[in-house]
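Okay, got some structures for you below.
Two complexes follow with chain A in common, the first pairing it with chain B and the second with chain C.
Here is the complex of A and B:
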């Protein structure tokens, strides 16, 4: 019993309980679980937002936020498609180009965040809008069109954009799981993870304790932007095309899934396991609605209510965990 | 909480009514809150009433937004397969991204109808039963034909999106519609920056009409452009002598048609697309029937003073 209580106080527990709550609701709403678990759509979606949610979650734990990810997903996709589709250069250049643009924009975000006193929300809002402009103008200028076809060679498709098991599961799911393990190790088993918690708790104290706050912050911004352009790159290879788009929804979906995963918007609290489960929960909420007989016109209302309940549950568990006093042994 | 319970009970009973011997039809389309797609959805659901009476169902799958249109729609098509669809309807918006998903539908032995975008070429290429939708060229042609038959034989098509394939098709259709009915047509090319800028479009139309006093017919490629063109005609002092047809319609365009300031509007009739695609598939799954007519055209539908009142009634019902 005591073990169970300890388990419940772990940061990821709340997100797991929300996930179970969501599944119970859907069972009552008429979802056949075997059909839901057999379907690929929500796992694909979870991987798409989950890969970006991992670094965004760490960034949020460190007390910062990055909304330019919304523009970086299409930017990564368009970079790959323009380099390797329109100009017919080998796909390696397209892949490197997409990652490079992620590193570039991430560096700009990070340097602006540590060098100026402008809030990160405003900085990344500016890069979000600016990148939307760069992608649209660049695409029209270079290709004359807002959507570019791409034909990737088989090896690139196998690694980055393929369907697995002869079904509809995308290979990006494997990337998500691998990246989650790497991030989990980085966050919970190296000193860097502790640094991130310390920065999120109190930046000045962290700096005084000798933590390279600026370097860590810039690194986290580079990771978020690059993860987003990576997802875009994989998508363009899988779907043989890329199009200019706003990506506004991705911003909210990714940040909300991080919050559902138990990360505090104010920083200092959260875990990689929670972020992983958060993306899973968010994807099931979003796609599970299609498996019910509920009229599609209601779907946004129900998604909104379920997310509110999931986040509310997190709050409750976090308070429980933080206010718990262990009995003296 | 009670509302939630009622909702759950309602949905579970709705689900239990579904039996294995009926057609569960999945329709992939636009967002349900998009005005055009809400009409398509209504058509699909109205045809679905027959399927429901037979124990089947119609499920609408739409993306959250249009940012990632091709891949999102491809995902929804694959999801419909996973959900055990007996038949699938889908638009071929982005062939590069969506063709493989449609091929998976056909490979799974699920009857498929392409609608709204892609044309009969897409249906043939992918092995779909049929295509239900409008053809851009024929929409423009209908506008040219209508105005030429009304005696307005010298026309210009206002192209605010030069280079876009569907817009070029509207304009070449319009000019052919005029030419084949004894008239002549030309294209007024505007820079792409004019798209959505009503003032710029109106000014360009005014100048063009003053330079070319023989023009008596104009074609606009969208509902916003229709209003801008009418305003340009007004500013040139040519109201009543230059007549306008335009693609699509909204409340103000219907009012203009009723008042006589716009001659006609060309509609692709989204309700029909949902309705016929679902009926074709339901009858095919239930009884093995087919529609040998390839390419079921739902447009162009011409709206003019003679039928505008019916259209207004259709708007109130949510079908137009």
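Here is the complex of A and C:
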């Protein structure tokens, strides 16, 4: 009982309750759990949004937001395909190119966010639209097409874009788990995590306490854009091609999964475990619907309801955590 | 009173934000083991003054001295490194962080080495609880507790305990009692006395005369960015200080007016003037 109460006070509580709720719902909707757990579709999708959700969650804990990630997934994919597919340069250049474009766009977002008083939603909306244009126009200009083929060597496929277990699980699942562990360590067990919480809690006080607020903010924007271009790069290697696409769905799905994961929209609260479970839950809702007889379009209704319930629960659990005083043993 | 140079001194400091002049010709000093109370109405420039002392703002003109040497604080961190700890108005704590994490925000204790330096939560919690308890807040026993669940006075005490712990020589408190009830304010005042007893120079900002009189050795009244009066403990009465803060308009006259009004209007106070 005491352990259960401890769990409820954690930022990840609502996401775990959401996950259980969604599974229960699907069982009633006729899903056979062993089939669902054996399937790859939702795990692949969880990894795709989960890798980006990790830094986006941290950025949101620091009180900022980045929607340019939607353009950065296709930008990473196109960069890799243009460099190593169209121009046939070694894949290393394609990979570095994709990461470099993430660092570049992330730096622009971050510098604008700390230097101007323009809200981050507007800044990253601008870079989102701008990057969509750059990717499409750049691809047309350089390759004459909006779809570029790529043939990556085996070693690159093994590391970034392969299927595992002789089935259809993508290797980025492994990346997701490794990155989640690294982010968990960074956020909860180093001083940098403490800085991020402090910046999101009260930016002015954090600055007065000598925390390098601007540097930290820029770093987080670089991480979000680079994580997105990394995912795009992996997909282009896996699917042997890259297409220009809007990436609008990714933006909403990633941000919803972060919020379901217990991150407070106004900053200052959240956890990496929650963000991880949030992505998992979101992916199960989104892909699990295919295991039922329900029309797949209903999944958006479920996502909407889940979002509202999760945010409501987050409020409740946060109040619990605030009022909690541990009894002296 | 002391032959040692003041720990912190301002000489003819002006501060303007673009065309807006906020501080004019401010000269102040504070010695070890002394509490300087900075009094003034809202908008007088008290917060601007202490932000200049703590490196948040740069003086437009004038000098700042520490131990008789001229100093500059380009960043808040520079002031901190010189031993000036400031608890800013409306700030200093993060409600959704634990007591331990709050206490060490920006100066986290770590263990391990290289990239594996981990935040030492246990040590942070233990020291934080110890330090706030030393300040007399015995109700805080759990370093993992979220600060948002503490009372205003406890939060303020936590912020002060933190400032004292980080080796401050000068403790600057911006209206620490403004939002507090009587009992909680009394607690904060006790902490100010404790800091003074430990030999810190304290600059205590308030617009409540009673709070100032309870702890102050030295008083300065700020009116529209200029020092209107500078005196020592016992040199002025509560009424005189209140009059000074009101900008010369006699508080006693005002009170007499109100009482007169109430007598002729069945005990109703006059309606607000504007």
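Quick note on the criterion: the second predicted complex is superposed on the first by the 321 of 329 C-alpha atoms of A that agree within 3 Å, B and C clash if a C-alpha of one lies under 4 Å from a C-alpha of the other, contacts with A are read in each partner's own complex, and residues count from 1 in each chain.
Just so we're on the same page, contacts are C-beta pairs under 8 Å (C-beta built on N, C-alpha and C of every residue); 3 or more make two chains touch, one makes a residue touch a chain.
Source: prediction; values computed, not measured.
Undergrad: Based on the superposed arrangement around chain A, label chain B with chain C as either clash or fit.
TA: fit
Undergrad: Touch check for A:26: first (chain B), second (chain C), both, or neither?
TA: Once the two structures are laid over each other on A, A:26 reaches no partner at all.
Undergrad: So, A:230: does it touch chain B (first), chain C (second), both, or neither?
TA: Touch status of A:230: no partner.
Undergrad: Which partner does A:208 reach: the first (chain B), the second (chain C), both, or neither?
TA: Touch partner of A:208: chain C, not chain B.
Undergrad: Touching A:268 in the superposition: chain B (first), chain C (second), both, neither?
TA: Second partner only.
Undergrad: For the overlaid complexes, name the partner, chain B or chain C, with more touching residues on chain A.
TA: After superposition, B is the partner touching more of chain A.
Undergrad: For A:282, select first, second, both or neither according to whether it touches chain B, chain C, the two together, or no partner.
TA: A:282 contacts neither chain B nor chain C.
Undergrad: Contacts for A:39 in the overlay, against chain B (first) and chain C (second): which applies, first, second, both or neither?
TA: It touches chain B, and chain C stays clear.
Undergrad: Working from the superposed arrangement, determine the closest approach of chain B to chain C, counting only CA atoms, in whole Å.
TA: 35
Undergrad: Can you give me the overlap between the chain B contact set and the chain C contact set on chain A?
TA: none
Undergrad: Taking the touch rule as given, give the residues of chain A at its contact with chain B in the complex, in rising order.
TA: 28-30, 35, 38-41, 44-45, 74, 144, 147, 149-150, 168, 235, 238-241, 243, 245-250, 286-287, 290-294, 296-297, 299
Undergrad: What residues on chain A touch chain C, complex-wise?
TA: Within the complex, chain A contacts chain C at residues 188-191, 193-195, 197-198, 201-202, 204-211, 264, 268-269, 318, 321-326, 328.
Undergrad: In the complex formed with chain A, which residues of chain C make contact?
TA: On the chain C side, the touching residues are 54, 56, 75-77, 80, 86, 88, 91-97, 101, 104-108, 110, 117-119, 141-142, 144-146, 148-149.
Undergrad: Applying the document's contact rule, which stretches of chain B touch chain A when the two form their complex?
TA: Contacts found on chain B: 7-8, 11-12, 14-15, 32-33, 41, 57, 59-62, 64-71, 74-76, 78-79, 81-84, 94, 96-97, 104, 163.
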